[in-house]
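In what comes next, chain A is part of two complexes: it sits with chain B in the first one and with chain C in the second one.
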Partner chain A sequence: MNKDKSVLQGCLSTISHQSNLMKQNLNDNNLLVALKNSSNFLNELRVNQLSPKQYYELYISIFDSLEYLCNHLAGSYNMKKKKNKDTSFLSDLYELVQYSGNIVPRLYMMIAVGTTFISTGDAPTEAIMKDMIEMCRGVQNPIRGLFLRYYLSQKIKDLLPISNEHEFNNTVEFLINNFIEMNKLWVRLQHQGHSSERELRYKERKELKILVGSNLVRLSQIIDDYNDDHYSSSNFYMKKIFPIITEQIIQCIDPLAQSYLIDVIIQIFPVNFHFKTLNELLTKVILNLNPMLNKSELIDTLIDRFINYNDDEINLNDFEKPEDFEILKKSLFDNFWKFYLSLVDKNLPIKEHSNILVNYLKLSINFDRDNYENLNRIYQFLSEYNFDENEGENVENLHEKEEIWLNLLIIPIRNFESIINLLNLPFFSEIFNKLTNKSYQKTICLEILNKLLDAEDIIITSTDDIDIVFKYLLVLIKESTELNISTKMGITKSFKINDNKTLTNDFLTNQNKICKILSKLNHKSTDFSNKVSDLIYIKKKYLSKNISSIILTYPTLIQLILNNLRFLGMIRKSDIKVVNQFKGLSMILDELYEYHGDYYSDLIVSLYLNLAIVCDSLNLSTLTFEIFNKIFIIFEEKLILGQGSPSNLLNINNDPHNSLNYNSIQYQTIVTVVNKLYFVRNLSKDDYQSLITKVTLYGSKLLKKQDQCRGVFNCSHLFWWTEPSPYQVEDSEEKDEEESKETKETEETKETEETKETEDHEEPEEIVEPKEKYLFKDDKRVLECLQKSLRTADSCIDPYLSNQLFIEILNKCLVFEIYGNEMITANYINRLIELIKTNLDNLVDTNNLKDNDDKEFKLYVEIKSFFNRTLTFIEQQKEDEERFLDIET
Partner chain B sequence: MSLFFKAPIDIEIRLDGEENRSHVELVNNQGRTEKLPIYKDGESVKGLVTIRTKEGRKVEHMGIKVQLLGSIETNTDSITSSDFLTLATELAAPSTLTHPESYSFEFKNVEKQYESYRGKNVKLRYFVKVFVSRRSASEITREKELWVYQIVDLPMESPIKDDKSKATTVKMDVGILDCLHIEFEYSKSKYSLKDVIVGKIYFLLARLKIKHMELSLMRRETVGVPPNQVNDNETVVRFEIMDGAPVKGETIPIRLFLGGFDLTPTYKDVNKKFSVRTYLSLVLIDEDARRYFKQSEIFLYRDQ
Partner chain C sequence: MSGRKKTLLKVIILGDSGVGKTSLMQQFVNNKFSHQYKATIGADFLTKDITIDGNKQVTLQIWDTAGQERFQSLGVAFYRGADCCVLCYDVTNEKSLNNLSSWKDEFLVQSNVSNPQDFPFIIIGNKIDVDENKKISSLSKKLNNITNNQLGGLNYPVFETSAKDAINVESAFEVVAKMALQQEELNDANGNDVSDDYNDAINIHLEGDSGNCAC
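Right after this comes the complex of A and B.
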């Protein structure tokens, strides 16, 4: 390599030396000496040892030097012409340079002089062109020949005459001739030298390809530039150019030449030419190329060209389009398909099949977006064709084949407008079902799912559509939850759903997406009953297929049905059908409870509560009552014993002093129930009282003191209605569509979720005017509840907790005082305040609270400040609202 | 003529219109360039001889004559010379020269059968020779060489009688068994000196690893008759016509301009003493520098 480098350097320095001499002699008007100089530097081009790249360096350097010579000659020609002197020296020179004993310098000189001569316009152009191209045959060394002919084509490219038909034909012939010869040399290069250097040759040839291709480029420009009355460039191409050059390409057998040149043809000639020659190009040319060649790349390029053309088509005016464009367009796919069928006989590698078919899909997508027939054709072929004819069915082939299928199924999903039409193709599903690799099926389903989610329009409009789509989604619904190693090892994040079930994050996400689909179901329609029946249909036929995961989908389903039923109920009040549908919904909840009650009873409770509230708002009091009873059953069955929800509940920071932070699931359930029950308005008084009594009882029987205390004082509200129920409003907005969709992954998120839920329910209602109605009030029972709470608080061993609870009760008392409960008197409150004050003082004394870092001291400070805030509030109320005037702080 | 005696007279030979004639330039053995006037066959040789005495001396002479000679000199083993043309004219009767005298001479329409030629072993010369005879001393002579061209107007009227085919193409088919098979074709077998050899070579089989191919023109000078014949070969032109190895089916064009080279027309059996022929060879050189060639004679002639 180093030796080559020094050879190159040697050549280059000779060239530069001789070309300087040449320039000097030209300036001194020593033309003959100058020619000798140029012949000298041209001799360097005879060198053997250089690689094509290095040779190219020589070529460039020589090209520049010869350019200087040419310009000088042209200059002196023009000067002589101006002075009306004899200008025949160029033709003499053309002969003179041919005395050079070595062929390579001789031909370069001939071309340099010859083209300069032609450029003067006074030369016998045709004869010189013919002569030059003919004489170039003498250089049979591939690299030298290629560069020589490249020099010829570079020098002549702007001089090619096309002013009449004769000239044009000659020019085309010239270019084709040069192309053919260059191609031959190029192909021959492969067989030069030792066979061990084959790879190197291949690489070198790749570097030289542009030299050969340049002829075709010029050819395409020429046939575009030529203009004549009866001339049509595409016809000319079809008749005079295409057959000759493709014949040449086929004949040369060489894979590199074939792939590159066909690619060039595809790229440089306009697409409307390809429309005309497509059939020939495919079945006569590409089909006959070297069997080693990957035809898919060519198909890829060709199809890309068509696609780009089609994209630009809008910008074309009619003139530029082929006359029968529409017809051609229609037959495009047919042509390609015909080609493919004949290609298939040639024992194509699987990869090739795949690439070609993928391109066909692209073509189909681009040209005929609404035509699913072509797709079906592809899938039919896939399902019927036996790829493994010769290789035998083994695991690897099968895997490869399915990978192709997968790809071919996914592309249209992503690109075609109507996924329903696509999924409905008989052979689409056939291929899908043939996939033995379940993860591929899953991938496809996911694509479908995402596509559905991305769509803005309503996609699923009928029961048929539901079947089409969910047939595929069922795969995701039924997905086996077997874990792979990485999940088992804990590398991939996973979640426990039941004792024995662990789910991956992916699975959760998928279920989540299915839920989103449910909510998109025909979402703009106002035919609520139809929607309800669709949802129930889906539930029966698909969602229920995987019982273990219904906990992830049912909540959404239930909520959706509930929303629709609510509208339905508002339209057709107490219609027996509506009542039955509510019952049906309740059955779905029962089913959910049956399978998941052990772990998700809190979630199920809140669903029941939603149902109850809606029932109540529609005045279906019997149903409401029954549902509450069901809730209590769940409470007793699953919650009282501390079960009924995932064990990760224990992770919560268990600070009993913080009323917001500290929650047991039982306490939380009580609060939720109280929240809803508080707004139930349409029950009979007896029913209501029996319900609230029960809740209060449950509250007082909670496991821990602080839970009991708080449970009871929260329940006290149930006995003292202060406002009309927000749920009774006729046209309340649907707010909670999004809710309960999120499967609660940890208890923490669940909590925030629930708080949000309650807020969501309450917020919009405040705008609505309250209706004057009977408000249930029982002051005695309220007092009883508070007393009970006080007693429980007092019995706490932890003095801090006890005082915390006292202050909380004090706040409750203040609320009831505001809402006019006569039993909660100022005196009562004063006593409570006094009690707290004393207790707090005692705390300081007995425990000697001084150290700032002490945990107890901190607790004390918190409680103290809570108390102070309460007192401040009272004082403010006194000033602002003239309340609590009798209360002493 | 002798180193010791300077000739008492100067002889000057001037040919009519010499300045306007075309000349040939030749490089003689001493490396000096000579310029010689060109004459054609049948052309008269006219001129003027001027004799001057040196330093005003009186020179007695026995008569002055002028000859036109054509001679062939060979130096195969010893230099021998034979005249094939001798023409003589008396210029002056014996007398005494005191002042410069001029005598005109003319050889009318002299047939000059051969061309002038200077080869390695043979020379064909034409010259005018002036003799001044003296009584006691040796003759004083003076020579002036002419250069003669034989112009053949048309190849059709070729002077060579045995050539039946008139300017037809020459085709040859040569090869090495299983290795190489080529056909080549020259446009004709007779070329004027300013002609162009045009032809092509068609490779029917090319398993040889050819590196390049060239044409060469070789001049062969043959002197004497067998068995004492002496040959001299000189390659006048080497001209590469192909670079690299062709494949089967390739056609390589040939074009060789002859005008720029120093070629000699074909002379056959000039005065039974010598011949000059030119051979055109096609030479193939393979990668191991072996040379394969096919030689064929071409007939060269001089035209206008």
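Right after this comes the complex of A and C.
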């Protein structure tokens, strides 16, 4: 390499030296000496040791020097012509330089002088051109020959005569001739030297390729530039240029030449030419290229050209478009497809199949976005074609094949508008089903899922659509819960359900996404009945297929059905169909309970409660009553017996003194039930009383004293209604169609609270007009509850807890006092305050509480301040609450 | 010698594939524009004679280059002796803007110019005829970042052109020609024509009187 470099430097300095001499001699008017100088530096081009790149450096340097010579000659010619002197020296010179000793310098000189002569406009152009191109045959050394001919083409490119048809034809012939000869030299280079140098030759030829391609660039330029009445450049290309040059390319058999030159043809001729010659290019040219050649690269380039053209189409004026553009566009895919079918007979490597088909997908997506037939053709072919025919079926082949399938299935999912149409292609699903690698199937399903989530419009509008989509989503629903190694080792995240089952984080995410799809299902439709039946259909056919999925998807499903049923109920009242659908929903809940009741009973209870509240708001009192009974059964079965796991309370530090810190799942459930039951308004009095009595009983039987006490005093509210139910549905004329979120509903109903009519409880049938709100009140029961709580609190062994509970009960009493319960008198409250005071004093005395750091002392301070706050509250209330006046703090 | 010789100025146009280098050159030299995209293979030049400052006749030799590397297989020997370099980007293609400095670096490495610090470059943003919404967002800010960056900033004249509608092309190349002429005169004055480098490293096999040429 270093040796080559010094050779190059040597050559370059000779050229520079001789070139300087030449310039000097030209300036001194020593033309002949100057020509000798040029001949000297041109001799350097006979060097053998240089690589094409290095030779190109010599060429550039010489080119510059010869330009100087040419400019000088042209300058003196013009000068002489101006002065009307004899200008024959150029033609003489053209003859003279041919006596130069060596052929390479001679021909460069000839071209330099010849083209300068032509540039004067006074030369026999045709003859000189013919002469030059003929003489070039004399150099058969490939590298020298190629550069020489490149020089010819570079020098003559602006001088090519095209002023009439004859000249134009000659020019085209000249360029084609030069192209053919250069291609021959280029191909021949491969076979020179020892066979061990084949790689080196190949490398050299790769460097030289642009010289050969330059001829095609000139051709492309010249057929654009030529202008004539009956001339159409694309027709000329199709009839004259294309057949000749492609013939050459096919005949040379050389893979490098073929792949490069076809690439150049694709790149430098305009796309509308390619539209016209597409069929020939594919079936007559590319199909007949060297079998070793990878055709997919050429197809890639060609299709890219078409796609870019289509993207820019609006920019093209009609001149630049082929006349029958629309028709050509339509037949584009057909042409490519025909080509592919003939190609596959030729034992194509599997990678080639894939590359070509990916490009076909791109083409189809770009040109004919709504045409799914082309896609189906591709998939049909994939499913029917036996790729392994010649390679034998083995694991590796199968793997490779499926990887290709995967790619071909994913591209359109990402790019096509309507995923439903795509998924509905019969052969799309066939290929999908043929995939033996389940992780590929999963990848595709995830793509589908994400595409559905990204879509802004409603995609799934009919039961058919549901089947089309969920057939794929089912893969994610049914996904095996078996864990792979990395999950087992805790490398990837996992979570547990039902104690024994571990699921991956991915599975959780996917089910979450499926839930989102459920809520997007036709979400703008007001046909609630249809939406409900769609949801139930999905549940039956798909969601119920995997127990692990049930726990993750059913809660959303149930809530969605419930929302729709609520609207439906508001429209249709207690239509028997609606009642049946509620029953159906209750059964879905039962199913969830069946599978997951053991571990998620608290979740199930809250879902049942939502259902009950909606039923009540629609005045379906029988159903409401039954659902509450069901809730009690769950409570007894799973919670009292202690099996229901506190799904989200595991880490709470149980502090009995803190009433907000729920002590047990059972207690929490009671409070939740009470909260909902408190707003149930449409049950018959008997039913209601039976329910609240039961719940109070459960409260009183909780395990711990503090739970019992708090349970019961919370239940006391059930006997003393103070406000209308926020869940109550008004018999409004307007049905809101948009709101499906429960929170919004609540707000809405709150707004209309004032005007709402509530039904008389004991005679629910007789509703005539809006009348005074009836509120269920049983002061005796309230007192009983409070008494029961007091007794429980008193029986606590822990004196601090006992007093804490007393103060909590005191606060309850105040509430009932405010809301006018006659049984809770000022006297009653005073006695309670007195009791607490005494107890607290006793606490200090007996336990000798002084030390600030003492835990008990702190506890005492907390309770004391709670008590004080309560007393302060009473004092403040006295200002506007008459009833408080009698309370002594 | 009769008549003053015209000064030949060599100009190289560089930039990513598809920014419109060929179109700019065609518009300037031949006043032609075509929507049909044709890739450039290798490198080739067009010449145009123009007059600078009303009296200086120069010949611009404008080298259009292939933006795609695979069409530049013979290397870039033609960079040598350049008097000015035009760096092109496409106002709709941010990547082409960001690549300007690597084109500049490549040019300086390969061209072996004697004054890389103050070699004349100019920047041309082509395709300003397109819809505003297709253009690079906050282009002027990004361009400013590139031209005023302290580290290897491209602090050169910037022209926004449309080869399609012939906007600003003429005036851009006028500046190119002036800058190139300045560079050429600088080279002449210093006598440090690239070719002289080789004279220093002269080989023994040459005739001994090589020094004579300097007169």
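By definition in this document, the second predicted complex is superposed on the first by the 642 of 889 C-alpha atoms of A that agree within 3 Å, B and C clash if a C-alpha of one lies under 4 Å from a C-alpha of the other, contacts with A are read in each partner's own complex, and residues count from 1 in each chain.
The rule we apply is simple: a contact is a pair of C-beta atoms (placed from the backbone, for glycine too) under 8 Å apart; a residue touches a chain by one contact, two chains touch by 3 or more.
Predicted, not measured: the structure shown is a model, and the values here were computed from it.
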Between chain B (first) and chain C (second), which, if any, makes contact with A:Lys206: first, second, both or neither? second
Quick check for you: in the superposed arrangement, does A:Gln668 touch first (chain B), second (chain C), both or neither? neither
After the superposition on A, what does A:Gln98 contact: first (chain B), second (chain C), both or neither? first
In the superposed arrangement, does A:Asn20 touch chain B (first), chain C (second), both or neither? second
Please indicate which partner A:Arg137 is in contact with in the superposed arrangement: first for chain B, second for chain C, both, or neither. first
Classify the contacts of A:Thr171 with the two partner chains as first (chain B alone), second (chain C alone), both, or neither. neither
Would you sort A:Met79 into first (chain B), second (chain C), both or neither based on which partner it touches? second
Of chain B and chain C, which one touches more of chain A's residues? C
Share the list of chain A residues that count as touching for chain B in one structure and for chain C in the other. none
What part of chain A is in contact with chain B in the complex they form? 46, 95-96, 98-99, 101-104, 106, 134-135, 137-142, 144-145, 184, 188
Residue numbers of chain A touching chain C in their complex, please. 9-10, 12-14, 16-17, 19-21, 24, 26-27, 29, 52-53, 56-57, 59-61, 64, 67, 71-72, 75-76, 79, 154, 157-158, 206-211, 213-214, 216-217, 220, 224, 264, 267-272, 308, 312, 315-317, 320
Applying the document's contact rule, which stretches of chain B touch chain A when the two form their complex? 212, 238-247, 250-253, 255, 257, 260
Help me check something: in the complex, which residues belonging to chain C touch chain A? 1-3, 5-6, 8, 34-42, 44, 46-47, 59, 66, 71-75, 77-78, 80-81, 195-196, 198-199, 201-203, 205-206, 210, 213
